[in-house]
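We call the chains A, B, C, D and E, going by the order they appear; numbering starts again at 1 in every chain.
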């Protein structure tokens, strides 16, 4: 099985608005695909559909050969379909390391333990600290999330997604709010992902898209208007006018 | 020496009026008879128990007995609270004078329980008799759905059916009911000529009276008879003129015409009571205090509950409510029950006694 | 109200007792464009929200067109001419797009909403939707449009381009430049993308641990890669 | 059939009383995001003032209604400034604690001043007439109550949904700081809305006194009822509050007619079922994903 | 990397362990102190202890997991009535009664949780109110087993371990209650810090995030509800055993609301807060209502207001703040 995620003719509307208009795409093992498009094109919605937060009106989604169209979001996560959030969703009163420990324990099916705190599980602590260190968040490990800067929260959002050991990873604007100076952390984290992992990345930072993606899909008004390599992107007139602007 | 008496009642909360009445009654007795009984100083210790809370009732009683060393307990506005206290009496060696709780079975819980208030049966049986004598053929009852309500319903049913009447329906409504319109509609539909009602004094009684009048039941010829709880003196001004002429049966009216009651009223005023807020609870407390003084007298201040209780069994005296006796078997008070009618004299509303049922026992225990 | 000057002197502030911004002084002439750059967590957001009156003020003065505002409440500062686009957007999630815009009008007539719809046609399409239903970029547009409707004379922008498509970014930066050049507003911009920040601003402040560690002309910074390297930890702008 | 209309019309009036009293709470909870458990206490204050004006001072009913509303507002506004302001935007639990505390104090004070007995507010002659509705007669007071309910509903809906005031209020509650940065005078907005909610409570307390009699524990006795109605309707929604009051008023009334001793069962069953079907309230403002 | 995690994490663990130890010692010290200082208030102290189990159980669902409920007396009442009814029907071993009560509480917890968790926010609050009202009506109606509004009085309880009588002085009941509370408090502290507890705290703050990690919100909370029911039921049974009466008030809205007030008063989410809140609040109420039976409500009201104004995180938060100042 080479195709991990296969989406066929997905459709979805909010009231009268067609947000997802007959979208088909597939991600093979090891694929690095960028999903771009104008604001409100339906990128986040597509991720929500794949992750199971919304139900499509028609079409199908299959994950590693298994049809997951009607499956609960939490079950999809267990199959290895992990997403990050465009607008961070974290636990304001928990510490940075709490977040990672929770993700690790959940991944390992140990989150129902009622006696031993993760502070007494060296293997969990080590893995969590390692994941933080990769994004250079380790000095903040014991800080409460409400008290770290927004950009740092964005990095944490990525760290959580990575630690869940995804097979298919959906990243919604992971690099937004991270300064050029720190972009290298993100790029390094993405470069270090296991090769067989399939990644779908949304971002408006074309530098990141060009450095990362081997394939680019452009969405506009819910429909796919372009699919190709990053190099072909700049020469497509539709993409230029709808998205990139003239000096791209 | 000082002999302590613990009084537990609702000093705060929705029923605080009655706790206050307990206090007034006790103080009035001390006002008239002095603060010593047979040379022993008597001190009353008051404890607040605002609502139905048996666990707390028990804890308070226990604390009074163990810590404050009281020799006598008195009070209990609600039946469950009295029931919770009862099991302690034997071990604690304290007699307990119930000043209100009106379920018949309370006195059976311990040989050390005496009661100077009333029972629902005691007041309800005469009400049923009045209904029958007034020629009622079909009646309906409406009561609050809790112990005393159920007792009142049973008392009325038994007497009314024995008298040849037909009880067409019995309605029990939740204690929290304030809008009685649908119920009054139902009473109207039932074809009864008389309705017997019992609710604890407060919001439901007002609500019921308003609906009874407002929906024209009176004009339709459906008579209302109730126990005095529906028409306690402090609530009469709130009911206003609509209530005039309404009949009820009860063991005490503040307007009872006797020298004892006049003296009682004077004593109450002397201890700072508001005469318009005097209820049956005050007279129960007054008589309760009398029993306690008698018991102290009989035991010479020693802690001997059996001797104390025995001393007052069968005792008779002239209470502010009329002649009373402590029934030696039940330890409950035998008393007159009066048929009264709401009237207005000057600016004040009152329950005017128009007929006396003499020496009524607790029909609830009597019937068993 | 035309563009105003902004003078900040000895400003310290933070969250409760924690001090984040320390002893910051700078001034921006009317109609100037200034950019603030710095790594994550260095206090840029805290500085802007302090100017707006949303953090705990510890010391120092803030003057808009010569009038001290550091003692005023946020709403009084808004009337003194300050306008703010927060980094986390903070649109009203339970209000519709149009209601969000109305909330920023500062008493101006509703007909002025067209200004916002003209700048972001996307918002007109979505005007009956609730705030939370918007896409990330749409929320960003709404937040900016809402602040602009109040006609601020000093505009504080905290990463207003985050999540916007490149074409919109270009248009928006052009619009901001236009506003400043026309003498309508003075602009203080926090921006993560160095290239964009330097292209836009005339002056630049670099923040590190709550203090200003460098300030000067943006050309000076662009032409000195070692400075950028020192403050931002990356080599050069491409 | 006549009986059916009889019961229905009783239910309608009962629902309207609930509505007038609870709509202010719905405003407070839905728009100002304050779980104001002391709402009933302000209704009670209104009732006491009206009772004092009519019973003890012998003045007119109209005057009493006005005095009740104004009086409750005069008491409420300083409380808003000193106490409520501190709990805007805090967790519901903190609000519960503060407003229960306020309720206790108001109850204690009322008990102290007015004593523990029931208070009534005598109606003027115009409201004591019987009105012929065709299928039944009803006291003019009840007709008046129904009319007031409708007027309150319409007026409020207009203010909240159609005026800028409503927008500013909702904005200020959602994010006070950001609203301030947009030039919205949040403190004025809060005071005015709080006064509005309290005034409505007092108004409801007075005109509903016949169905919900005024006594010191009023505030606690009807707290559950008010909370339930507001949540079933969907906090902040006037239409929702109206619908909830009418539906629950009807369920309660009909159940009490049909099966008096099981009335409460039906009422709370209905509540659970409605809430499970409409977790955001009948017309609740949908808040989050 | 290992070294790094250890330097950071180990202080955190020992700090928690230390807090638990201090907490347990404090409970014990206060308990023993009360026994000697107020030897005649034991029955009241026992009620405090049993109510504190209800409040701790409420903390699990409300403080830790963020489920708003004003009907938690449902589980408390279930425990109390189960023990009461069993005792009337011949079960008189105190420990067995506690077990029965806890199991009944667990069942009640699952039932109410299953319904309440279907709602969110305000609707949870309403379902919880409706449930406790229904339960209370039901108990009132089923007077043939429950004694209706009169309640069950005069339960006979065997001596504890066949030796210690539940007598008028209430010493046995007090020590039993203290031991139960001590054990439960420590276990719950551990529970709150465990992976499961952390997950519940996470759900409290952002359930969408929790789902995105792959955890089921409903099932997790239902489990928490069951545990909470067990603890609450234990409290109810303890009260039944200690006071030998069971009344309708044990399943009332009022009790639920009071429990919530005491929890917030003490500080939510820390278990010890629940304990401190119950103790201080009930003690204060008890003292002022004895000192001023007519006006204590005003004083209690003022106390609550003051807490919100000056200790918005409750007593526990206040104490925590004092400690932090010392550390700095």
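Quick note on the criterion: contacts are C-beta pairs under 8 Å (C-beta built on N, C-alpha and C of every residue); 3 or more make two chains touch, one makes a residue touch a chain.
According to UniProt, the chain labels map to these proteins: A, C = ABC transporter ATP-binding protein; D, E = Branched-chain amino acid ABC transporter permease.
Just so it is clear, the model here is predicted, and its values are computed rather than measured.
Chemist: Going by the stated contact rule, which chains contact chain D and chain E alike?
Modeler: Touching chain D as well as chain E, we find B.
Chemist: Which chains make contact with chain C and with chain D at once?
Modeler: Chains touching both chain C and chain D: none.
Chemist: Go through A-E and B-D and name the pair with more C-beta contacts between its chains.
Modeler: Higher C-beta contact count between the two pairs: A-E.
Chemist: Approximately how many whole Å separate the CA-defined centres of chain B and chain E?
Modeler: Here chain B and chain E have centroids separated by 37 Å.
Chemist: Roughly how far is chain A from chain B, going centre to centre by Cα mean, in whole Å?
Modeler: Inter-chain centre distance comes to 74 Å.
Chemist: Averaging only over C-alpha atoms, locate the centres of chain A and chain C and give their separation in whole Å.
Modeler: The mean C-alpha positions of chain A and chain C differ by 28 Å.
Chemist: Two-or-more-chain contact residues of chain B, please, as numbers and ranges.
Modeler: 12-13, 16, 20, 145, 174
Chemist: Would you pick out the residues of chain E that each touch at least 2 other chains?
Modeler: 137, 141, 208, 294-295, 297 - these are the residues of chain E that touch more than one other chain.
Chemist: Could you tell me which residues belong to chain A and also touch two or more other chains?
Modeler: Residues 53 of chain A each touch two or more of the other chains.
Chemist: Would you please name all pairs of chains that touch?
Modeler: Applying the touch rule to all chain pairs gives A-C, A-E, B-D, B-E, C-D, D-E.
Chemist: In their complex, what parts of chain A are in touch with chain E?
Modeler: 51, 53, 72-75, 77-78, 82-83, 85, 89-94, 97-98, 101-103, 105-107, 110-120, 122, 125-126, 128-130, 133, 138, 141-142, 160, 164
Chemist: Considering the complex alone, what residue numbers of chain A touch chain C?
Modeler: On the chain A side, the touching residues are 14, 36-41, 43-45, 86-87, 147-152, 155, 172-173, 176-184, 204-206, 241-248.
Chemist: Show which residues of chain C lie in contact with chain D when the two form their complex.
Modeler: My answer: residues 52-54, 73-75, 77-79, 82-84, 86, 90, 92-95, 99-100, 102-104, 106-107, 130, 132, 146-147, 150.
Chemist: Provide the residue numbers of chain D that touch chain B in the complex, in ascending order.
Modeler: Those residues of chain D that touch chain B are 3, 6-7, 10-11, 14, 111, 115-120, 122, 139, 210-213, 215-217, 221, 252-254, 256-257, 260-261, 263-264.
Chemist: Under the definition above, what is the set of chain E residues touching chain D in their complex?
Modeler: It comes out as residues 62, 68, 70, 115, 118-123, 125-127, 129-131, 133-134, 137-138, 141, 208, 253, 257, 260-261, 263-265, 268, 294-295, 297-298, 300-305, 307-309, 312.
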